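So that you can tell them apart, the chains are marked A, B, C, D, E and F in the order they are listed, and the count of residues begins at 1 in each.
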């Protein structure tokens, strides 16, 4: 049984690799490489796999999960510049893939090992990423 | 190959455990514990895994699946009070997890064993549950 | 210039008119007349028409509007039984039309007269109501 | 890590099996058997499973994936009659299942073997199909 | 007070003007001019403006409106070829604009004059039309 | 008769008024005042009101409207920093209201006076703005 919570946050970012030449950054990241940044409304779906507690009928109280997402994701990333404001991306390109990886690791530290964690992150209505730690 | 059908139903419910004290029910279920009930538009996605029939190009005629969902889910639960009107929840707290479990068992009895059944149930646009019988 | 804020709340309700016979209530309200109630996820869109303040670039700070909706709509109606818990519907059938009217009157008292108020309320993904006070 | 791209195309089709009698086609395919065709807005989600390239932070540049979908799916199927215009369906009933199978095989030939390919195809907002090649 | 009902139907169509040359049809209608047709999932929103009946709390019972849409729109257009199957488009190009006009006139004849009728028709998630009879 | 086209663009921005003190900017714009910017996926709906051309069945070819939106909105604003990259906002706070006003004026210059222009801009799934030039 898997339960899921959907949350949103808004952030600016820029995709570039400081070890690449300007030409290579342009060729690979195109308009995502704008040095003045652009931004997105990110939508995050967090799913936890576990047993139903027969006393509550819950796998987990989604209010608790929502509070953890608030602390670990919305507080540090919402209305931020991922490149400039967030130490997690000091040496990591803030692609949707890497944002998902960072969030997964942060949630893994906060959630009981008995839960499997699956994340889906939509960067736009057309582009998304899924990660389950494997 | 998996085929999916999306249906909706509307119901009232209340989350509480009669073996808990009032204080514990309040602490665990919060405003979901309102003794006068509240309600939701539930959205259900039913997915069946099977082989394509080469004669029809169908895994299953989704009209047939839709009719079974009508009989097993919409007829008993739509515009009902899950706690008061539905014997399935006489001794089971109607959380999204338990509603999903009940629906899965009802559909399992109606569908050929050759089909794997996966359910996703959205209680709100932010909260959902997934179950595949494992 | 019109600015809009979308919020959601979940509630139980029952449609019936105590001056009608049971047969007439059944004929008019059908399964919405279930004496044990059913429920919905309501989605509310509140739009205010006004001038842009040149100093802020805002018609209104939507955080302020959101707080007023919290107090006037979500606090009294979310996770409630509209018939039993909400005095606004003691003598008023809680159809989507009447819920919209009640919310409009509540918001009208809280918002500066300079703003025109337009409401859209979705009771399901198929049924909605619009009201602008005229 | 899985990355996904969502695209849309619009097409006409008819479901019928030339080896069936008219009565059997009618019984099985109902109004989908209209000899003059009907049509859909198809929504396709293509997901690829792979490793993050540490230099780019990408599993794959979704622009590249989008271009391949353009060539293999949108160019041949968008604004077409699947039965009459598309040789892929000369001897294959263009059900959502078979359309998904055909697209999967076309994409499989264009994408590096290191990527697992998963497709979800929505024929309407209620009916969808999922296929991952297994 | 305005109440709205959302319905869907799927149809094939072709855009071309028989008085135009092939070149002009191609220049104006592009791929919508495919002689073998293409198709869409159409989403229709029907809104009626009227007074709330104090006895029922309804502007109109949306079940009644839904039944009329079933008869006037879904029965004649769903799973049809608008050009070949529907006499309404024998001499009228089935653009979203003209489909909306035809539906508006059909509903106008079925609905009490006291109701204003507003229609929104989505041909795709990007293209839509609005008409209110003026 | 009104026809509408939906487009999206992604941008970074910061809300602050250089004539305000830091404290006042913080009090009014809150986290939107982050000096390192944040960002959004903007969704724009452009509606034009006009007569149906009887020869084409179109109010306007939406391909033409889409091309104008591409040139006037997506080319200058997509994947940009509205404050730093866009001269339109050199002296104008890039709130959703002002972005809508700027886009309306740009489209007004490109579209025939016979069309009324209505814009809806969603900054998030909860916040939106509407403007029709009045």
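Here is the rule we use: a residue touches a chain if its C-beta (ideal position, glycine included) is under 8 Å from a C-beta of that chain, and two chains touch if they have at least 3 such contacts.
As the structure is a computational prediction, the values presented were derived from the model and not from experiment.
Common neighbours of chain D and chain E, by the contact definition above: there are none.
If you match contact pairs by residue number, over half of those in D-E turn up again in just one of A-B, A-D or A-F, and that pair is A-F. Comparing the centres of all chains, each the average of its CA atoms, the largest separation from chain E belongs to A. Farthest from chain C, judged by the mean position of CA atoms in each chain, is D.
In this assembly, the C-alpha centroid of chain E lies 29 Å from the C-alpha centroid of chain F.
Rounded to whole angstrom, the centroid-to-centroid distance between chain D and chain F, based on C-alpha atoms, equals 34 Å.
Centre to centre, using the average C-alpha position, chain C and chain D are separated by 41 Å.
Under the contact definition stated at the top, the residues of chain F that touch 2 or more other chains are 125. Shown here, the protein chains touch in an arrangement that is not a line, ring, star or fully connected set. This structure has the following touching chain pairs: A-B, A-D, A-F, B-C, B-D, C-E, C-F, D-E, E-F. Residue ranges on chain F touching chain E, taken from their complex, read 1-7, 47, 52, 55-59, 61-63.
Put simply, chain C touches chain E in their complex at residues 15, 17, 19-20, 28-30, 92-98, 100-101, 125-131. Chain F contributes residues 8, 10-13, 31-32, 34, 36-41, 78-81, 84-85, 124-125 to its touches with chain A in the complex.
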